[in-house]
Amino acid sequence: MISFFIKRLLLLIPVFLAVSLVIFMIVHLVPGDPIDNLVQINSSPEQKAALAAKYGLDKPLYQQYTIWLGNALTGDLGDAIILRRPVADLIAQNLPHSLSLGALALLFSTVVGITAGALAAIYKDSWIDRVTMTLILLGSTVPGFWLGLLLIMLFAVQLGWFPVSGARSWDALVLPVLTIGLGGVALVARVTRVAMIETARKDFVMMLHAKGVPPWRIELRHVLRHALLPVVTILSLRIGWILGGAVTVEFVFARPGLGSLLITSLNQRDYPVVQGALLMLAVAVMLGTLLGDIVQAAMDPRVRERIK
Amino acid sequence: MALLSVQGISVSIGALCPLEGVTFDIDKGEILGLVGESGSGKSLTAMCVMGLLPRIGGSITKGSIVFDGRDLIGLPEIELRRLRGKRIALISQNPMTSLDPIIRIGAQIDQVSTLHLGLSAEAAKARSLELIAQLRIPEPAAIHRAYPHQLSGGMKQRIVIAMALAADPDLIVADEPTTALDVTIQAQIIQIMVELVRDRGLALMLITHDMGVVAQACDRVVVLYAGRVAEMNRIGEIFGKPKHPYTRELIRCIPRLGQEPGSLKGIPGVVPSIVDYPNGCRFNPRCSNAQTLCRDQAPALEPKSSGLAACHFSEI
Amino acid sequence: MTAFAPIRTAIWSPRGGVSAAVLVLVVACALFAPLIAPYAYDIQNLPGANTEPGAAHWMGTDEFGRDLMSRIIYGARTSLSVAVTAISISVAAGLTLGAMAGYFGGWFDRAVTAVVDLTWSFPEILIALILIAIIGPGLESTMVAISIAYLAQFTRLTRAQIMALKNETYVEATTNLGAGHFHIIFRHLLPNALTPVIVAGMLATGDAIILEATLGFFGLGAQPPTPSWGAMMSSGTAQIFIAPWIIIFPGLAIAITVISINLFGDALIEALDIRNRLRSV
């Protein structure tokens, strides 16, 4: 298991290098002199020169990249142009908010999605199935930010149950988690339902019935367990999707976090912050995928076999 | 009284009627062969006996299935479930797909005895290990810990047999237990299975299309053709004096040692399709002796000089 | 089988019929916006700002007193043209890349697959944001960002189809007859691989509408005064306490359009019987 973990971690290195290269190139692909994209407004020529020297802007591009990557890996992501603070500080300040939101949304989507999908599959073609399927359709087609706004209007503005925005208290998490969650629930429920219905048709399930195992035990211990495999696969592939949802939702709810940091700095063309936030989000997506792989291997002996 | 008595059951699946008036019985400790070509309704008969027909969307429209004095038709599902695995066990067709791929072999056998015999986890494990050893699988403890994908097809089928034996059933239904396996291990598996069944005095309903297997293992034989019973008799009579032309053809098709190359022929014609069964005797289009009567009227399953057969012209 | 038979089947199914009707309506709004819209989309009327929905303004007015319904009708133009153009480009590029990768194999296939796999695990919104960071905000960059964000999906799907078709006998026969690679790809393989990719493209158009709206909502897409469903909601957030309709109606337009696309796509998948081919991704 540990060797598997290390192997997967090593596999992520080329991915990380490729992604970081793209993110590094942002500053160079944007029209204009790179230095102008990195330096604070009203900087003196001396400050500009110092920064250019720091990033080795006179050196060839690949050397600049190694310098930049080296700095980034040691926690130096440069200084924000507008906010005039180290980007690393901004990220450290925003990351916990995104992490708690992302983790809760993931938990919510998984638990509720699996429950809904399993109920829909077990009671296939009943009203439970139809209601779930309708919610799945809505959840996967309604834009996340609109749903967030509707929830704000209903529960925050009209009913006043939860705060409209911000992250000052725990109950401020409820609406954002619900907003990201509905999309996640739709995805998980859909996969769970299809996988359970397909598994239920398999020979070994018939064999379990022939062994006299009670149906509810077959559904929960065997069929559902099998259905969780594709759910984990989808979640590990789409974990970034939930993080993407976090980006949108943070902006809607004016919550601090990597997402709102990214959108704000994109609008202000604060490139060091854009680079830092994108890099963190990319790392989060990669680690999420890794987590999914590990959970998958823990659940399926055939996957463990393949790794060996 | 017979352990299992199937009387004139007809089955419908949607608009189709794949079984019609199927009748046979099995005594305690008896091995009954159920033979026929694919599509003759052998596996469906197994489903009926297991009470699993509703799971594939079928229903029994006529007849009775009496097991140990109780009619299984109309028995509530919860009662049926107490019989399944405990008193009537199934050995399925394809061992490759019959085991849950993500659960350890041991746990899948243990499940049966904990469920039906109320054994503790340790007792169930000990029992499973014993069964695995009886099936002549080396290193029972290692197999108990293994996952299905780590075993060969033959080994998996032995495990399925162990599962069937785990709760000491009275009747085992084996649905073509070796078709999915390599020819070389087919005989071996049949031999082990028959031995264990004989040792324990269990009844076995052995479904197969292989007359060789029938000759090797069975006491009595039921021949199915196109959803109806063609003939039922003791093994010696079936091979010695077949009453139904279809049985005769089946026996003629068994390859024999010293046979001239190229002399082995199949039965002319094809098995009729379920959506288009012929009128009268369903074998008439392929029968060399078919008369007008055979085309007009379905023969009843009647006592002959020995056993039962459904043929207008079996005067032996 | 003529090309239109499955479409007809899809339209005659209950889901397909209703969704097709809605889609025709949305497309009509986009095409004939100046004829349908009761007002011009950019005429401001500050005294009449944030008017509730009523007889004069069925969907009310926004913070500048502009008629919301007119803006939503014109917004269909922005949303549809951006999404359809972007996805068309993406599908065309994905078909070419996927077909070449699947057909030729070798290093080219490995390179394409590596890049596709790399982008696959990243959410489209993140890819779009990276691209916007490079090319800057605006409608054109939204289009470019969307078409690149979805490229991986179509390349992957086409490649899988081509790989499956490549080994079929008729391709072999054509090769033996001496047909050139491009002849085989474009005359024999692609036509057979086309259907699932086009249906996937249609479904992705729905997602693209949402992505366009999201970027617009972030202020990175359409710039004022261009009416865009996403951007309209963005400016509406400031009025959330007093004029919730500025948010409700554009969102409803998006939701209805996207749900109709999904339902019609689903009916089409059913009519074409290609669910398995789409799942092979």
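As written, the chains take the letters A, B and C, and residue 1 is the first residue of each chain.
Going forward, a residue touches a chain if its C-beta (ideal position, glycine included) is under 8 Å from a C-beta of that chain, and two chains touch if they have at least 3 such contacts.
Because the structure is predicted, anything quoted here is derived from the model rather than measured.
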Far-end chain from chain A, centres as C-alpha averages: B
Pair of chains whose C-beta contact count is the highest in the structure: A-C
Length of the line joining the C-alpha centres of chain A and chain B, rounded to whole Å: 53
Gap in Å, rounded to a whole number, between the CA centres of chain C and chain B: 56
Chain A and chain C, separation of their C-alpha mean positions in angstrom: 23
Sites on chain B touched by chain A in the complex: 50, 52, 55, 81-86, 89-90, 92, 94, 97-103, 111-112, 115-116, 147, 149-150, 160, 163
Chain A residues within the chain C interface of the complex: 15, 18-19, 22-23, 25-26, 29-31, 137-138, 140-146, 149-150, 152-153, 157, 164, 237-238, 240-241, 243-244, 247-248, 251-252, 262-263, 266-267, 271, 274, 278, 281-282, 285-286, 289
Touching residues (chain side chain A, partner chain B) in the complex: 202-204, 206-214, 222, 225-226, 229, 299-302, 305
Of all residues in chain C, those that touch chain A in their complex: 118, 120-126, 129-130, 132-137, 206, 210, 213-214, 217-220, 230, 233, 237, 240-241, 244, 247-248, 251, 254-255, 258-259, 262-263
